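What follows is a pair of complexes built around subunit A, which joins subunit B in one and subunit C in the other.
After this line comes the complex of A and B, so read on.
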């Protein structure tokens, strides 16, 4: 038993050790003291406004991670979260600014529009896979390139809104106040936390938490989730137990795309109130890394997203230390690789352990059998 | 069952028939390469006529085709990298990262030691990415896609970090100094009038290009464009295609390597060292991508962050488009290169492509109707008519749409043709020695 627990914690610990080791080597190779650098990152990253910044960064990473994780749960690789969230945020910003509704309804409407747009784009890949056998990795990469390689920019120039300020920034029309989500600074102050000037905790955190819970319920507590995981673990068994494989592919892609649709809304609904030309891209790819690190579990993905947010925030300190902050990207890549390697190594160790236990049991039973069978 | 063979010839050295489709006795027909040649000639004549009607000479201009080769070769090499890995059964989605490594190391070699060192270091940089992928997928049995994603992350991070450490004080964080010098270039003797031992040979296709004969002069222009002013690094890249074809489909080594991608258990039982072959394949895969990256930076004479712009992924798509075969892959990469080149040179020509697509769809639709496939035939004819109307009713194709047009094309081609594609049977499957099937 103790051995089992040891095996369970072994993988993440091993992964962190490898990642820290490699990063330290890189730091030493460039004439820096790793310990000092880590200490400096830690002390900067744990200040209150750093923590708020970390959470703000982590929220979209989390949603992107969950979107990727849904696909992974049935061995589908939605690499297109990148294009889906860009497209969805743009459509939601354009459509959401075109009408007003009472406050909560307006926000809900925009969330639904974004989810539908993301699901639409992912659905193309799902339908192509189910009906034409097109590999979803390739089709979603193509869709990414279509959206980010010009179609998005084309849509944005069509929807350009001139607010009269003479700014060169291309942006959509601002969404009415009723469609925005406020920040949570008021809540923080209500529980006695003094928010530093300039820091704003994103209200989208609440959406992310709700989505995380829903993800858990769908995947682990619903019939659909069972079919999804079964299709991922053993497609043949799932099919013979009556799961409609093609239908599952389409549904999983729609769900993944729908979740991807929410990724960009923290920026649109909370921070800017509109979609601007400098909209942050690349979160979809971060989501893949975060889903891998978090092992597709809602809590794990949350930890992964927070880790990424922490590293990116505390990296800002590094330039002051004379270390290029890009070392963080190397750390992140190393973490992903070492997490997957560590889990694979531990999985094998665990399988060997199980095999030993089973064979020990079988031996015991055999001994018992023979002792009964021997006449007295 | 229909014949699952691709358009291109499947040489005798190909794998033993494993699918039922291939075990069916061949219908008597022309060799596939002849069919292909007929289609190619017809397509070219169409293109030439369209260029005439739509008054878009750039479609068949030597400049466009020369640029298409230079722009397409990094994509083609990334795809060739994918081909090596996937033929041995390892999915390599980390090509983008290896391409990035190739660009940075290529620039480093180019800046510090000269362009040929750039080529060499670019190849080495890509191969290092390949080695990492090989270690994690082949030795540690990590999921191929997961490892590839991590390598894409790492490749970008390493390139950025090294660039800052090396060049930040000279040219800033995101680019390198200019690469001085050149690897040199050549005109192919006789075809494009290159020198042969100091003697200037006649330029057959250059001469054809200058005549004003319909179609024939266009052929001259295209061949001249492809054989004139080729830099040696591009030539090296082009040479990788016949070399790969020969190695993989004409040697025992290649047969063994491909058997690892089809059925590693059976291969191992026949004494093939599957781990070693897979490792070699993935390292070569990275080296190919690295060469592509080096060519990319040498063409631009500078390394810039984000220079690869997803070409690794596009190469992968071109490989699937080309049915895991060098010839098909080259065509797929050519499509991307050609569109890129058109966009760079001439927007009127892009508009003229609408007419070309209309004619193509009309031809394919008619063919489907003749063969008795009513629904696809009608669908293609309707789309063809749509493209014709689009061409007639507009004066230009939206500029912002041009960059992603090849991606839509790829998506459509995959949607219509993916049933004819056949990937290596054990592609992407983690193989553990001794675990059986």
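After this line comes the complex of A and C, so read on.
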């Protein structure tokens, strides 16, 4: 058991080490002291308001990571998380502002609308693949372009709401209080943590945790998850075992898109209460990196998302040190590359080890078998 | 090995034959030891290094592009050039030359898809000779051939030998080894047991050297066939995209307690037939009935839930999740029924208990049920698959090559289990390339040729040679009875 955990941790640790090494080289090449910079990043990144900021950043990354991971689990590459979460957040903000309900119900209704919108967009790619054999990478990229390149802007201008403040920011109508999720500062205060001024811990953290648990149960514990993982590991064997391959593609894409639909809601429901023109994009692509680093496991993806949040937060410190903060992008890139390589190295080491163990066991038995009949 | 010798390597599965070959062909590097060719010690880092010193490998599974001609296949990767352009004329000339020298009878301009299995194998051999090989490694070359083709292959080998080509012949068919080899090396548990000359030993001796036990025979005893039809197919037809039928008018009944054998050279529609019964291949014509109920429109899952067991022909591709633990593999194909499921959830406890039973009862050698399937040897993987299907209370078992690639001991065990299930009333469709297995186990034999059932034979009256002549289309159904 201890050995298994060691092997599981070996790859990400190795990858981090390589990433630190490469970044250090870059820093040295640009006449900076890596140790100094890391120390400064660390001390800034571990302050309480940095930690809160890290978690706030990590929540959407986590959801995006899980959305991508569902696809990965059956060898589908949903690059369209990017477009799906943008589309879903926009639709949810527009529809959610158009009605009111008692508070919890209103929030739930908006979550469902967002998931349905994300699932709809991803489902197009799923149906295209199942019926026409269109590669999901191509179709989701195209759908991204449709949403981000035109449809989203068109819809946002159509839904533009003038709040009378004279702001130049294009935004949708604010969602009523009943449809918003409060921040968790109250909870932090309740357990005796003094929240620094201006810091707010997103209430969407709770949604992310619940979604993580549901993801685990669906993928690892349910019959559906078994079929899904079987399809990913060996589509032919899965088919012979009775899995409906085409149906599975559509279901997996719907699920992935539904998950993607939640990504943007931390911004809409907690931080801003509406969808604004400065809505953060690019989280879908970060999700791919986070899913890779976290090996599609709910805990791993969470760690990956937190790592990304930490790096981006602590990068803000770099400007003060006179170092371009893009160094963090180099680190992130190196981590993803080295993680992929390191996992493969560890996977092979593990496979070889297991084979040795099994044959050692079988040989022992064989020796035991023959020793009965053969006099020494 | 000396030049112009046919040297056979025999050993049961997991004895290290494949590993040895991979080392000789540069696909694996030895931890210890050296390889000496013509007095020089060589270290092969890649297959290219092995090819450079004249070692060529003919794989068990052909690596040919069907829609290319023989010429194109042979020169692929070693193209003769004239300036920047491909010199096909030169390639054609050299292929003719090699073909004539060794009596391979290969026409460079024929399309590979038009060739039979034996001819394809000759193309494979020509391919390595074209690359200058003087030492040929043949990996189980007879596994895919019918008896008459085996004879032809042996004639080719004799010619190659005369021309000074050295042949390393890997096989587990002992009588063939005794016919063709000049010397035989037996390996067991990764080490050489002994090297013998075929004149000194019998097949029985070799088997004992290989496993230390007697050769099993697949003979079934008294008939347990009942008159209750369990699986019935009526006029099955599957057409290729182009409209050419892959199987056509296939009709048969299998009764409870009966093993129906399907004999045929691979690629004559067996795969389509099996897949149509399992439900992963759509039918263009015909009906399938299970226990008198028309199941033609049922999806695979429902058929499997209603008792269609399946031992696939390619266990890695169709039977296992190699990266998943054994207990998930035992659940595979039965994941929607007890004891593998509880409501919408996987019943991990039930699945693990069942896996323990399968591992114990079917002698799957493994340190535990949490190890991934890829860690097991081929024979143990097969035992696991057989065990999972046997324990699942199937009404019909589709067994495709149930003992392919497993060692003699496991083969005997699997035969015993098939027989036991048959007397318990299981209806079995046995598709196999091993004629002895077919004749020994089946209650009735159908021969499939170009997608049609061309003969029905009684296994106790037919010889492997006769069966082979039906399988190659040399004899037709009219001559029967």
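Assume the second predicted complex is superposed on the first by the 365 of 376 C-alpha atoms of A that agree within 3 Å, B and C clash if a C-alpha of one lies under 4 Å from a C-alpha of the other, contacts with A are read in each partner's own complex, and residues count from 1 in each chain.
Quick note on the criterion: a residue touches a chain if its C-beta (ideal position, glycine included) is under 8 Å from a C-beta of that chain, and two chains touch if they have at least 3 such contacts.
In this text, all values refer to a predicted model and were calculated from it rather than measured experimentally.
Asker: Taking the superposition on A as described, I'd like to know which of subunit B and subunit C A:359 touches: first, second, both or neither.
Answerer: Touch partner of A:359: subunit C, not subunit B.
Asker: After superposition on the shared chain, which partner residues are touched by A:153: those of subunit B (first), subunit C (second), both, or neither?
Answerer: The first partner, subunit B, only.
Asker: Looking at the overlay, what does A:102 touch: subunit B (first), subunit C (second), both, or neither?
Answerer: neither
Asker: Which of the two partners, first being subunit B and second being subunit C, lies in contact with A:326: first, second, both, or neither?
Answerer: The first partner, subunit B, only.
Asker: Determine, under the contact definition given at the top, whether A:240 touches first (subunit B), second (subunit C), both, or neither.
Answerer: second
Asker: After the superposition on A, what does A:340 contact: first (subunit B), second (subunit C), both or neither?
Answerer: A:340: touches subunit B, not subunit C.
Asker: So, A:164: does it touch subunit B (first), subunit C (second), both, or neither?
Answerer: neither
Asker: Using the superposition on chain A described above, determine whether A:143 touches subunit B (first), subunit C (second), both, or neither.
Answerer: After superposition on chain A, A:143 lies in contact with subunit B alone.
Asker: Where on subunit A do subunit B and subunit C both make contact?
Answerer: On subunit A, the subunit B and subunit C contacts do not overlap at all.
Asker: Note which residues of subunit C are touching subunit A in the complex, please.
Answerer: Interface residues on subunit C, with respect to subunit A: 14, 189, 212, 278, 280, 299-305, 310, 312, 317-324, 328, 331-336, 341, 344-346, 348, 365-367, 371-372, 374-377, 380.
Asker: What residues on subunit A touch subunit B, complex-wise?
Answerer: Subunit A residues touching subunit B: 26, 30, 77, 79, 128, 132-135, 137-139, 141-146, 149-151, 153-154, 157, 285, 288-289, 292, 324, 326-330, 332-334, 336-337, 340-341, 344-345, 348.
Asker: Using the touch rule from the top, collect the residues of subunit B that touch subunit A in their complex.
Answerer: Against subunit A, subunit B makes touches at 93, 132, 136, 140-143, 145-147, 149-158, 160-161, 164-165, 168, 173, 310, 313-314, 316-317, 320, 398, 400-404, 407-408, 410-411, 414-416, 418-419.
Asker: If you look only at subunit A, which of its residues touch subunit C in the complex?
Answerer: 221-227, 229-230, 233-234, 236-244, 351, 354-355, 357-359, 361-363, 365-366, 370, 373
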